[in-house]
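Once you've had a glance at the structure underneath, I'll fire off some questions.
Labels run A, B and C following the written order; every chain starts at residue 1.
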Amino acid sequence: MSDRRMAVGNYRNDFLKEVEANVEDGEWVKMCMQCGVCAGSCPLGPYWEHPPQEIFMMIRAGLRDDVLSSESMWMCTSCYNCIVRCPRELPITHIMHGLANYAHRLGLAPKMNPTRRFAKLFWNNIAAGGRANELKLSLGLYFMDGFATGIKKSLQMLPIGLGMLKTRRLNPFGLLAGGNCKDRKGIQAMLKKAKELEDKRKGFA
Amino acid sequence: MAGEMKLGAYICKGCGLGERLDCAELAKVAQKEGKAQVVREHDFLCHADGLAMIGNDITAGVNQIAIAACSRRAKAEAFTFDGVCVTRANLREGVIWVHPDTDDARETTQEAAADYVRMACAEAKAMRAPAGNPNRGGSKRILVVGGGISGLTAAREVAAAGYEVLLVEKSDELGGIARHLYRRVPAKEPFTEPQETGLAELVNSVCSNPHITTLINSTIAQTSGAPGRFTVEIASTGGNNRSETVGAIIQASGFTPYNANALTEFSYGRTLDVIDQLGLEKLVAAADGAPITRPSDGKPVKRVVFVQCAGQRSADDGRLPYCSGYCCNTSIKQAMYFKDADPAIDTTIIYSDLRTPGNGEDFYRSAQRKDITFTKGKVSTVTPTAAALKVDFKDLILDQDADIEADLVVLATGQVPNSGIDIETSDEAQAAAADKSILNLTYRQGKDLPQLRYGFTDSHFICFPYETRRTGIYACGPVRRPMDMAQAMDDATGAALKAIQAVENAAAGRAAHPRAGDLSFPQYRREGCTQCKRCTVECPFGAIDEDEKRYPVFNESRCRRCGTCMGACPVRVISFENYSVDTVGAQIKAVDIPDEFSEKPRVLILACENDAYPALDMAGMNNQHYSAFARIIPVRCLGSVNTIWITDALNSGYDAVALMGCKHGIDYQCHFVKGSELATYRASKVDDTLKQMNLEPERVQLFEVAITDALRTPKLIDGLVAKVIEIGMSPLKF
Amino acid sequence: MTKQYSFYPGCSSETKASAVNYMTSVNAMCKTLGIALNEIPDWNCCGASIGYAEGGELPRHAMNARNIALSEKHNPGQDIVATCAACWLGAKETQRCLQHSRRLLDDTKTALSEAGLGKDYKGEVPIRHMVEVLIEDIGYEALAKPVVKPLTDIKIAGYVGCQTNRPFGVAGESFENPKYLDKLVETVGGEPAKKYDQKVTCCGGALAFSEPEKSQAQIRKIVESAYDHGAEMIVTPCPVCQMNVEIYQDQINARYGTKFHMPVTYYSQLMTVAYGGTAKQAGLDGNIIRAEKLEKIAAKPAK
């Protein structure tokens, strides 16, 4: 909290309205009563730059850039603890996901955030064939920062990978096959359509 | 009760008493040492059969009864016999349940039981059955002072219960502050929208009720008397003064809005666009549906900021230290005035802790749904600029300084109670404030109700919220504590019922709460009185006046029967028929004191019957053990403890004495408000006496306990016994 | 009597995927209990907990709606059953959201029609986790009947984790202290570590990949507490939980100097062994940290 460098908000409703219109479950943001139970319930709470309660206040204060460029939402592990404990029954997990997605789509999310990069990798992995290919996914993650780092990370993870191989829980030929639905084409068309509709609704088009 | 005293002692063998104790031996003790003329054992004394046995003995002439069975708190109804004094030896909760069932403990357990039988017999012999206060008044009419929401509600409720009401209002109109409200905070489902105040209907129901007489433009010039027979002089601005008799009084004198002129940091008084909540109500009422405009220039308000806790919850001089409780809901309601008229108007409520009592949580949510912005922050200044107002505040969630512009700023200022004169201040200060008095009581202790703090009237917050420290006078509404309209109406209803109880008890010569129904009352031996005035000064309830020769005048109906006067009296001339220096003194003397070398100390515990004694009973119910060397005597209040009991006990060989009573101070729990405080003061004076007797000061202790201290009280007793063993037995045994 | 269910196995259950041994044991368990699992033809990924960032709202719902539509089309009248917590949660969440938003429903159907399923989505079929099928449709008493090798002398920590527990959870269980795993352990004759206080702590989920230090701090608590409460084994209903809690123990040992070697099993593995299945049928060969006590019981002849 001490070294925050936030612009002073205008305390007008314009950003709140934007969030309500474009962010999943964004219309709930105004219902927060600032009790802080979410912050105290989050398993990665100590690592959040701004806990959910604070994010909600920042939205109300109109701190658009600070919210959308924050690493905070990317700390969400989707454990849903905040949702079940929120006395106001805010779908906090969904709002955090929604904000992360919105920031990512606007290109304001922190570029190097590992979860953002992994999430992108993951979606592309499943969108390609309809199902997840765990080998491609892991290697993609390790080699995200280039070949040399990738080799290093792969070596670090080698014992785990070997363990998985040995117990037949990883497919050594996953690079060549696997993770494909029969109707790959249909799925791809469906996702393309869905994205198109969403972009239109949320003003990305 | 004419004729001879005839004592019957009854030893119960039920509930395990027969197995744990030698009851035949106890019967012998009752007969030989207790001098009971009739002694009977019974297997199951509270059974119809056992009660019939006692009833037959009463018919045959027994008129004092000692029941050796369970605690006096158990089977109280079964063991009540009309016109007969009953004492209880607590052998169950006080003996067998608190001492172990072992061979080692058998002897000391039996000794404790025998002592309690001796004590019960001795107490019964010192008691007389009370006949009720002879100075009763028959008026059942109830005076309501104040014609705001609280007073109107009280009047309506009293009349609805079939009692006559005299309603006195100072101004020329009924309704109080509520007259100025445009709408009220919702009081019914779904608690989401402001609602009509309902004041017109309430006023109508009062004005059209044949049981209610309403006097406007009137004040109370003088109040004298006691419950059932108050004489009230009513002054009218028209000069139409009158004298009325009433049985009880409900004081609903309400509050005055805090004077916002002191809030210079918020520019109140400097610009017309900073107003308080009442100011906004008037503004909205005046607009009557049209857009709300700025007082300064008549432009429509597009941005409004509500500043919560303005001049409240502050330790600064001239500010209110407390939360007024109603203002958060009020600001929510007022923000809705704007939002409901035009959703485009920005409404921001800046709060540090949003407190929404009642069903305000639903109202709060409703406001959030309406896009009213809630910002947790603390406003430092409001500054007029060329076109608007600049509100500077610290955002407490984002931990940053911020500002917001507004066309109108509404300050949530608090309630200042209309309590009249503070009787704890100097005579000069009271004289200077004489015209502020609400009741103008002729009581020796002052003209108005005693206050607790911040000017609110004193009442027992936990147990008896409407009771003031003047019997028969009940405070309700914001004069008692800060509150909103819904709470004031509940409060008024409670006070109405209490006032009705008071007139009924007064007519029957009985005590009001907390000893409701008690027929005893204080009496004094005039020839022994030294006119020292200690009783009149120390009575927590202002019950005692002085006559022209400075002798006490007890005003029995104003008395709560706590016995604080009895504890105060240095010459011990004050007593009740069934509770006196003698009834307790006789019990103290009845205990068998083993000699110095017996290794059996005796520790006397004088325990408040309201909290400490039940806590000790509950220790028994919870299988908590304590030393069998303790002998416990319940007292009405520690305030009734006369120090002679302590010195007598020590003189007759007790090794230590402990007083167990309620917490005192600003958050007191004493049923009689000041009793435990006075006892603490008096006990502190015993040290000198102990020195004269050459006894260690540790031999007298005072413990503050609560009714929940079932686990702690045994430890306190054991600790005291251990202390005695450490410092040695009393040398005064013989 | 065999009960028919429409089965959504999910990506991790595939051959040579991370939870293949879960699948193996579920098959064995279901055979004993008379549960027929009819796989949804050509099912796809649910989007998992991390799909939101790139996938957004509507594409994610489209993925799940496709599975529901396929199930309603090919396995009509059958409850959808998932073994994976994320699959179950994803499908259920989509069903809820589409129930509550006409706009989302219409958009989703438009997208589904691109995959030829525009008219097949009804969203009416109950979506269940396998655990719900066990305790609600069969019941603890019936689950105990086929036990031939009670898991005596094993103390097991029931690690429920997040997504089978929140936000939907299992009916009648509390979010803070769900007890169904403990009851299942008792049902098969084991001793639950009833005071295990990290049973609903998050393992980090997908962040085990992207934020390994933070996740492993979580996993450390989860394993340590199991040791503290005397457990010899952890049991879980979730493939992500199983993987995260099992495979990083060596890295955690290196980081924190701990000596963790705690087997992490699925409830279906316990049940398969208790029902007399072999170690292979229970997928015990798939555990990187071998559940030796279970293997021993599996190797013994039934009494």
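In this text, a contact is a pair of C-beta atoms (placed from the backbone, for glycine too) under 8 Å apart; a residue touches a chain by one contact, two chains touch by 3 or more.
Note that the structure is predicted; figures quoted are calculated from it, not measured.
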| item | value |
| --- | --- |
| Chain pair with more C-beta contacts, A-C versus A-B | A-C |
| Of all other chains, the one whose Cα centre sits farthest from subunit A | B |
| Between subunit B and subunit A, distance of the C-alpha-averaged centres to the nearest whole Å | 58 |
| Cα-centroid distance, subunit A relative to subunit C, in whole angstrom | 22 |
| Touching residues (chain side subunit C, partner subunit A) in the complex | 11-12, 14-21, 42-45, 47-59, 61-63, 66, 107-108, 110-112, 114-116, 162-163, 166-167, 169, 175, 200-202, 204-207, 209-211, 214-215, 218, 247-248, 250-251, 285-288 |
| Subunit B residues within the subunit A interface of the complex | 346, 348, 354, 364-365, 368-369, 371, 373-376, 395, 397-404 |
| Subunit C contact footprint on subunit A (complex, rising order) | 24, 43-44, 47, 75, 77-81, 83-85, 91, 93, 97-98, 100-101, 104-105, 114-120, 122-124, 126-127, 130-132, 134, 138, 141, 159-160, 163-164, 166-171, 174, 178-179, 181-183, 186-187, 189-195, 197-198, 201 |
| Sites on subunit A touched by subunit B in the complex | 1, 4, 6, 8-13, 16, 30-31, 33-34, 53-54, 57-58, 60-61, 63, 88 |
